[in-house]
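Look for chain A in each of the two complexes below; its partner is chain B in the first and chain C in the second.
Now for the complex of A and B:
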């Protein structure tokens, strides 16, 4: 996983370097881990090279360092996850370390996980999608109306995905061709998609009666003990990883996030790329909506509440740069798993929401701090 | 560029037909609409002086609140001498204050207000009362009793109490019985009251112990997630009280997914789906404790009586009472038919 991730990073800086001046994103924001780490890399691993050379060609200088760094980043997140598993294993060994709990954690992670994969792409390109929760809600209620349910399994699946794509298309057109700031355009989508979801449901909970959909959520449908939801989550993760790290589309995404102007000068159709990225995020929301319909057996306009924040937090914890130019699917998925495991351990230990929320905040800070520490340790 | 245009054409056609399909799929109209709940009037049924009732409620974003609006509307329609002036629901305090002020300016005869936040709307309640418009405060109480003429609402503490009593009676002969609670959001005061009532009721049964409690958000999604965790944490328990039937849909789904049975589940609020399940008696859900949305209909009755300066039939007072606390009845298989018409979607 590591070298391709570094390639994804390299694509961005390389494209940026091609334009001549170093990327304004990374040099002007010294607070971001990327910039700090780039400084570390140049100071610690490349002490022999002249400062001039290391700043002028970050791609060639940073390549081995970057690979190591991303590896350490994911490893440290794995360490956090391992620490959580140990805590869970000690406090509630019987319940936490059982197969059914593993199934439970992965199932609960799958809906938000699929959303986070889409979000990772958008953030990597330097954008943001605040409307994911709302799109999920709209897709899930649209796909569970009485009229849609008459079309059965196919109707529900198609509607969920099509609504997700349509919302993504609107987002993408507004941002790429309408020149709107992603924050504002997706904020507008957040408001109107939730409103439309409310209008469709009229505040009612829409219960799914299509048996073939409901059947996918019960243990009888598990493939070799793996719930279908988890299989979809895994498939989306693998495809997302391949697309980001192994295709031109992925390279372009990173390049646009690293320096959009440089990417444009290098011959990338930045606007079309942005359109595709929001479409992709919408598609992920549509898939997630279908998973949520299976999971909850219903559609409700309150679905996906605050998913945007959870998805962004998971991506950032995973190591994707909020300013764009670097993204890691593996890190995002690990971030999601960390969150879900925390929630699981709290619930198993019967901690109440007040304690849960305080501890969750503390653990996020701790996870990021540990990550930064190990990063420095790993490089010196 | 013929290639691009052909592709564009294909995508265009696909998009248009997908759009056509989607727009056909927004309909949510069931086969037929159930008539409103029974129409026994609380006040004198003879038509009297015409009364215009202003109604301001929060945004109906979940089943119970939606039922509140429907109850108020359909109740007002049964009276020939009542006109209902209902504003668009809003969860925003500032917006709701504006709506109530509009109703004051329209000089309605009586106001019925279900505040998004009771404390925050106290001032506008006072303003209406000072302007000579009596206010019926629905459910979420104002901070100042001067801000309303009559308060009508549910009893959250009593809801917990009745749920605890029902479960206690069912389990009283079982040694070391274990109970779990799936509550509503802890950020709401009503959740704390419900939990307090539940705990107080269980104190009467020394053989019963509450072993776990988790808070969901009144949403199906959170109900499923929290219930799945509870089931994982507790390998066996004898009863579950879930505060809200909306999140109960998710909780039941989690129970089904975990393949668990052998315990008694009691719901809350009184959704139609829950009552249907109780009637069918094919799941763990055996009862639900009401938090009746019919209170909105009662508020219209009281508002009409107030507007016509009448008391309530069945009581000897010449005026309507200052406060009405509704009883949280337990609906189980025995009496479900009686309550089914009040169940909300």
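Now for the complex of A and C:
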């Protein structure tokens, strides 16, 4: 057998790019970033201290060859989050770091977070789902009509999830088997789902009267101080991570996003995979709608306004490629937390939302620029 | 050139290229090519696939920079740093894949990038249309309307628009790369009339075609290149006999080492065919073809670009839907147009465009190898990464893929090793029929012999291999039996030993376009 370093250049590049735990190169890996740093040929090392990378984030597990890069990205997002926490703690020491405020931030992150997990799958497959906000609104109002509320807790939960799945099914069928471009198909869904939500509510807020649903939003229901909504968000995140990184479904998603033609010629049923992905996104919207109903105690046709853009932005700053082929659940969740924390800090400091929007925009630009640099570093 | 000097005598060539060399990583594409073109002539450039024709015309178009050699243009040494520089000198190239914008009009395409404007930015549409109409009339095609979108024109008309665009630049030399490949006979006649109009005006044309008959009709002189070198300069196009041209094109300096063929089995010992293709056809691409493939044998499809080689392969694989006929594996018909049905029956394809159709370029070797076999490493959808990795490792080791590291990123591998990763994918799946489309494209010379040996070894282990290659020696050297294709039809089938390069080239090149 030829030793790995027989072709110096290939061996070297492989070792630099691959930091996967189970490789024979593992022992070399911690050295590689240092060497790179010393050579000053890449920007990766400037953003964070890379030698810690392989231990810091669970996302790298089982992603040989991608681990290093994802870690850098996630670490830089963690850095941003930490900076935000410092800013928050500095400007409003008492309010920001209080337990109730942290609970609030995480609760607020839950709804958009669950949506973003679904979005991450869709974007990883090279698609896009512009209809998530509208599906969320439709599911939340359909689940809170007087007729649905008669069936109580189960009725509301079932309806929210079923509406989400149904919308996802329509999206998936149009895209996978109707040959429509995801952007257009989900744009159409955005318009019609919002319209239908308005038709159902006639513009009125539908108050939830089912006590068992409302109970999940009050502090009495907190488990060890953690709101149930946050638990759901955490569960969705963990399951999403497992599915993306540890199952054939996740692998096929990445393959379809990386090269749909190659995936098809390798024998993967690309169309069915796409259908499942939009179903998954719809399911996440349904779950998020139920969380929103608990949080707001009502259903409204204006719910989830512009959530599609927030979810896409969170996924992108997290490190998921908009062109597909690479996705990270951990990054997406960090992205959501960054955005939610900014909103919280601005609210606590009584700053206008216009400044907040500008800050959001700046973060998106900065995150993507950093990613491009790390990517380019990896090409060499 | 100093204006005071006497006008150049007619003998001064318009263009002289001498000693042009160009090396790509691992490949010496041009190894001292000479070319001389006179104003007003149609100069034909002949050579096999891989001889270096495309590299040469890209050097001339300013798209590649030569490593060495001199380009003399109207008596002056020049360097062509970019396509724009070539354009400024008056050299235009019309590639096989036309570079027109389908959504724009004929006039807009012709003046793309140098639109007639007022005040520097307002496009004078009427003037552009009028000038476009003039140019098209000059080319003998006044029927092409300047305002029509290019997408609504036929392939032949689009070619005329490309020529008009070249003429709009005050061009002195037009390079045409297989312009007749997509045309029917009438359109070819039209094209030739247009070329004659151009040369009458003193414009020189470098004409690349595989059809000797065409070259006889419009060519003045012929330059033949082989293995990156010029082997004949300025042969008279109308008098040089075919066998002489073919002899010049064949007989390589670089001899590939092919593995030995096993002795043909006796009729009784021959295994039953694993793949049977019955009357498979796709209208407009290839006519009904019958084919049998037995375990352990390699069958080659030889033919020019556009002869239907790849189309046949992809249709067998289900990537294209046949308009007639069927494909049977072990006597069971595959679902037409279903890749999954083919893969499940044991077919595997190494596609022509390795990067675009074969590989997941962002991923590791393991993931590229295991992508067709995921269910084997999973229980209820749950992947066992360890099993996946070690199985992929075994498969790449069996093919001696380097580096011997299943975690290496696929894009860091050389072309030959990337191809091995694709083969390992099917090896891992335990496929029984391997369809190889240009398996050595982009693979450097040294790595080819190794790839040939791997393919033969897979056949010896009982795989049936169907091989498509535009390089005739490759088909002849590797395959047991060969089918020769011309314009979508099988024109000859024979054991590889009974054919030689001359015979195959004669078969694929002779005759006129009949479609």
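Methods note: the second predicted complex is superposed on the first by the 298 of 380 C-alpha atoms of A that agree within 3 Å, B and C clash if a C-alpha of one lies under 4 Å from a C-alpha of the other, contacts with A are read in each partner's own complex, and residues count from 1 in each chain.
Rule of thumb we're sticking to: contacts are C-beta pairs under 8 Å (C-beta built on N, C-alpha and C of every residue); 3 or more make two chains touch, one makes a residue touch a chain.
Model, not experiment: these values are computed from the prediction.
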item: First, second, both or neither for A:368, with chain B first and chain C second; value: neither
item: Touching partner for A:352 - first (chain B), second (chain C), both, neither; value: first
item: Chain B versus chain C as contact partner of A:326, first or second or both or neither; value: second
item: Chain B versus chain C as contact partner of A:313, first or second or both or neither; value: neither
item: Partner chain(s) touched by A:302 [first = chain B, second = chain C, both, neither]; value: first
item: Touched partner set for A:147, first chain B, second chain C, both or neither; value: first
item: More chain A residues in contact - chain B or chain C; value: B
item: Touching partner for A:263 - first (chain B), second (chain C), both, neither; value: second
item: Chain C-contacting residues of chain A that also contact chain B; value: none
item: Chain A contact footprint on chain C (complex, rising order); value: 317, 319, 339-340, 342-344, 349, 351, 356-364, 366-367, 371-372, 374-375, 378, 381-383, 385-386, 389, 397, 400, 402-405, 407-409, 412-414, 425
item: Chain A - residues contacting chain B, complex; value: 92, 94-95, 98, 100-101, 104, 107-108, 142-143, 145-148, 151, 155, 158-159, 162-163, 166, 198, 200-207, 217-219, 292, 295-298, 300-305, 343-344, 347-350, 352-354
item: Residues on chain A engaged by chain C in the complex (per definition of touch); value: 1-7, 10-11, 13-14, 17-18, 20, 22-25, 62, 64-65, 246-249, 251-252, 254-255, 258-259, 261-269, 325-326
item: Touching residues on chain B, where the partner in the complex is chain A; value: 18-19, 21-22, 24-30, 59-63, 65-66, 185-187, 211-215, 217-221, 223-226, 228-230, 232-233, 235, 246, 249-250, 253, 256-259, 271, 273, 345
